[in-house]
Amino acid sequence: MFLKDYIKEVYGAVKSLIVGMRRTGYYFTHHKEIITEQYPDNRATLKLADRFKGEVVMPHNENNEHRCTGCTACELACPNGTIKVVTKFDITPEGKKKKAIDKLVYHLELCTMCNLCVTACPSDAIKMAQTFEHSVYDRNKLTKILNNPGSKIMEGVE
Amino acid sequence: MQNEELKTIITELLPAAAFEEGGEWLNVQVEAADLLAFAGQLRNRPDLNFDYLFCLTCVDWKTHLTMVYHLRSTQYKHHLVLKVKLNRDQPDVETLSAIWRTAEFLEREVYEMFGVNFLNHPDLRLLILPDGWEGKNPMRKDFEDPINMIKL
Amino acid sequence: MVEELGKTTEGDLIINVGPQHPATHGVLHLVITLNGETIKNVEPHLGYIHRSIEKMSESLTYRQFIYVTSRMDYLSAHINNHACAMCVEKGLQIEVPERAQVIRVIMDELTRIASHELWWGAMAMDLGALTPFFYAFRERETINEIMEETCGARLTMNYMVPGGVLQDLHPDFQRKVKEFIQLYKRKIHEYDELVTGNIIFQNRMKGVGYLSPEDAVSYGCSGPVTRGSGVSSDIRKHYPYEIYDKLEFDEILETGCDSFARYLVRIREMEQSVRIIEQLIDNIPEGDYQAKTKAVLKLPKGEFYQRVETARGELGVYIVSEGGTTPYRIKYRSPGFSNLSVLNKIATGSKLGDLVAMMGTLDLVIPDIDR
Amino acid sequence: MWSLSQIAGSIHEWLSTTFNPTIALVLEMVIAGVAIIGLFAVLGLVLVIMERKVAAWIQIRLGPNRVGPKGLLQSAADTVKLLVKEGMTPDGADKFLFNLAPFIAMIVAMLLMAPIAFAKDFQFWDLNIGILYVSSISSIMVISILMAGWSSNNKYSLMGAMRSGAQIVSYELSAGLAILTIVVLTGSLQVSEIVQSQANGWWLFKGHIPAIIAFVIFMIAVTAETNRAPFDLAEAESELTAGFHTEYSGMKFALFFLSEYVNVFIVCAIGATLFLGGWMPFHIGNWEAFNHVMDYIPSSIWFFGKTFFLIFLIMWFRWTFPRLRIDQLLNLEWKYLLPISMVNLLLMTALAILGWYF
């Protein structure tokens, strides 16, 4: 009886090992199952999801105009102090003073891509871009100014 | 067991207990001196059987500290929130680690974060803060760290 | 150090496992007293990744503090966010639209599967089998891609907001999830072939790390750790939130009380999560994905406690509000912290090699312990 | 057709005709030494790249594919990296032993090369106790591991070394008994005679079930003896970070690494010699045409083919199984392998006495 159990035990053990080896052997011989993505080489075909949160950008149209009114909603919504809105006063053709942005400073190094600023923006001035290769040699380069130099607010955006 | 039933039993056990209204669960406020005996009864009385201490924390109210114990019975599925007011300058309270073993770890965290001194704790040492930490307890409201804390 | 431990006698060996060690998967620091290969005492030293999220949350608004909690238990980030969002909703008495509830539950269960997949691979790696890790990541990757498509990120999604979810589902979401379920069902038997049925693996797990049901309750363990000891503790079953009370799923209980029981609980929990997703994926109701909320949220004065079942156990969010825009005090009851406290109890007397098996089945995520 | 023995013979002839006998002998020794060191290095490179590719394919990855054609020069690049790295010696270490240990590991591995028959009539030293020599020299290996573990002055290293000491000493028993079953059949310890006795069929096939059991036990035992997964407790990276070579870096680490792979090669070569007929081609009974085709393949290719097949088996084990615990490891040896191999040896002796083998 003891011997029978002993042999049964050894048989069960060996069988479980062989089952495992069959599985790894299957993958060893079936190379089409390989899932490696060769990242820097596949840059051309690499497609990120369109909602991917890479960095905050401010889209400009062809006349170098953006939609930002300088309301600082994004600055208030940001949990990390990533965004600083610097405002100035423009003189409109009617001679009135109007608040506009001078600079929208964005600290990429502090950003956690939480998307709160984009949802907070009442005029859809900022959005998330799908870039992700952010590494640079100088930390200062991560501090970005989102509005292009000389850009103006689009007509009709309040 | 419903909150009302619990209330009557607890009033029997400890007439000095004060109840707070408004919360999801029954809130009971007891004196620090009564805590150990009262907690033992909550744990061991068969019809209460609060065997699961699922949250232990402390709140700094600037004038005083409040220990908050969230209790649950895995058998009857009723809840109780136990609160103990502590003196802010000399916060001493009996440890509950003999009743619920999980309290040992959670109390160590409260000890270093709030400076609450747990009497008769088996192993009251710093757990999260680095060895040789001196100065104030980080989770208290008046804690200031000009280097690491960024005010927005 | 020697005097500190107190229990040391001559001939004992004290080794530091961590803060940088291959088996601790993070910066957990265990000071282990050994007698030969036998463990006499395990003492965790925490705080290497303590970011004081509780203190941080005190200065963030009710919309902002949710994103920080993704960084606690980063493997079930969705579920952490979910707990916080629900706690705020509880305080404001916001009615969440049904569509948002269903989306949240699907996301939670996907997160749970992803977390268990990673745990499975990492635990097999701890025990010396390096191959399962890659098989687990193959499946997890598809979940991450689904998350990336809908939420815009792979790990720290920040998808839950008070009142619902941040964005509507991606149009491809349902198709992709169904594809994932098919892939999962096609591949799950490999897990049994490679690991569960393997005799070496079973010998490493069975009878290791015995945790009695009484201890599991007394030490405040939760999640698969208690269910491996036969204590029913699934928050989704006992204190259902969102639409869990309308769903059909089983609470997995194993009575082995050892590492293998905890292992089986997690493996079978993945199947239950798939079952939940299958029930919901074709029945996502139409409607709003977010309730109308004010721009600035102010919780009324009071205390609010909300708990959910994360992949690791019971996560509680305790908010004390003074009526302002920021919480007065937040306490996160993290499952890992209590589960870690039991390690000394179950590890004493076993071999050093067993320690990695126990840490593996306790499924410790260090940022969740340290917060 | 050229063969290794012809090349060796012509070198010998040219040397003996050109120089006087003493100088010729010295030159031959130098050539043999250089050849062994060369083989040692080449084997290390080949086995490392092979292991990495096997691991990658099992793990549904591509593996190294950047350096050289299909990544074949990856291990050469790694060697260069290890060579230029700083070889650190920890402050608290026993410096003499610490620096000596990797060399002992390497020297042992090189000594073990001597009696292996690489091809027909091509052997460095065909001594009449070849198999005994191999099993005794290979036990010196444990000394280098213990030395490394002790002198590192690191608790992880020490534990790894102690584990490996217990492991190697106990697994040598079943490896030895498995070898003995074949020695019983051939009646000789000389490697060339063992190979010669398999001219009409390999012992794995001729020796009935006991030979197969002995082969399985041999493979398990040598996997343990070379400290490879699932028996890699000496380095157990999830428990002991890197075990006995935790403190080693640069070329000293590389020597350990290299000697591990060369040891794998040697034990597999011994296994191929004992059970799979060494350099003997594969013959089936009276199939003259088939046997002739088999004979046409050079003997060195037969030998290396068999050896690399066994190495692949060991790699396959490594990338499939979890690691054993120390007490289970010793249980496996003392409760299962040792009794089985003892009974097996008895059976084989009975078979040999009765002549019940082909």
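To keep things simple, chains are lettered A, B, C and D as they appear, and every chain counts its residues starting from 1.
Note that in this section a contact is a pair of C-beta atoms (placed from the backbone, for glycine too) under 8 Å apart; a residue touches a chain by one contact, two chains touch by 3 or more.
Everything quoted here is computed from the prediction, not taken from an experiment.
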Centroid comparison with subunit B (C-alpha atoms), farthest chain: D
Between the pairs A-D and C-D, the one where more C-beta pairs touch: C-D
Distance from subunit D to subunit A - Cα centre to Cα centre, in angstrom: 51
Chain centre separation in whole Å, for subunit B relative to subunit A (CA means): 42
Distance between the centres, which are taken as Cα means, of subunit D and subunit C, whole angstrom: 45
Centre-to-centre distance between subunit C and subunit A (centres being mean Cα positions), rounded to whole Å: 25
Interface hub residues of subunit D, defined as touching at least two other chains: 58-61, 319-321
In subunit B, residues with contacts to at least two other chains: 152
Residue list for subunit C, restricted to those that touch at least two other chains: 131, 138, 194, 198, 200
Of subunit C, residues touching subunit A in the complex: 60, 63-65, 67-68, 131, 138, 141, 145, 148-153, 156, 158, 161, 166-167, 170, 190, 193-194, 197-200, 202
Residues on subunit C engaged by subunit B in the complex (per definition of touch): 4, 44-47, 50, 52, 54-55, 59, 215, 217-222, 231-233, 238-239, 302-305, 307, 314, 316, 318, 320, 328-329, 331, 333, 337-338, 340-341, 345, 370
Subunit C-facing residues of subunit A, complex: 12-13, 16-17, 19-20, 22-24, 35, 48-49, 51-53, 77-79, 112-116, 119, 128
In the complex, subunit D residues that touch subunit A: 54, 57-62, 316-317, 319-321, 336
Subunit A residues within the subunit D interface of the complex: 10, 17, 20-21, 23-25, 27-28, 31, 33-36, 38
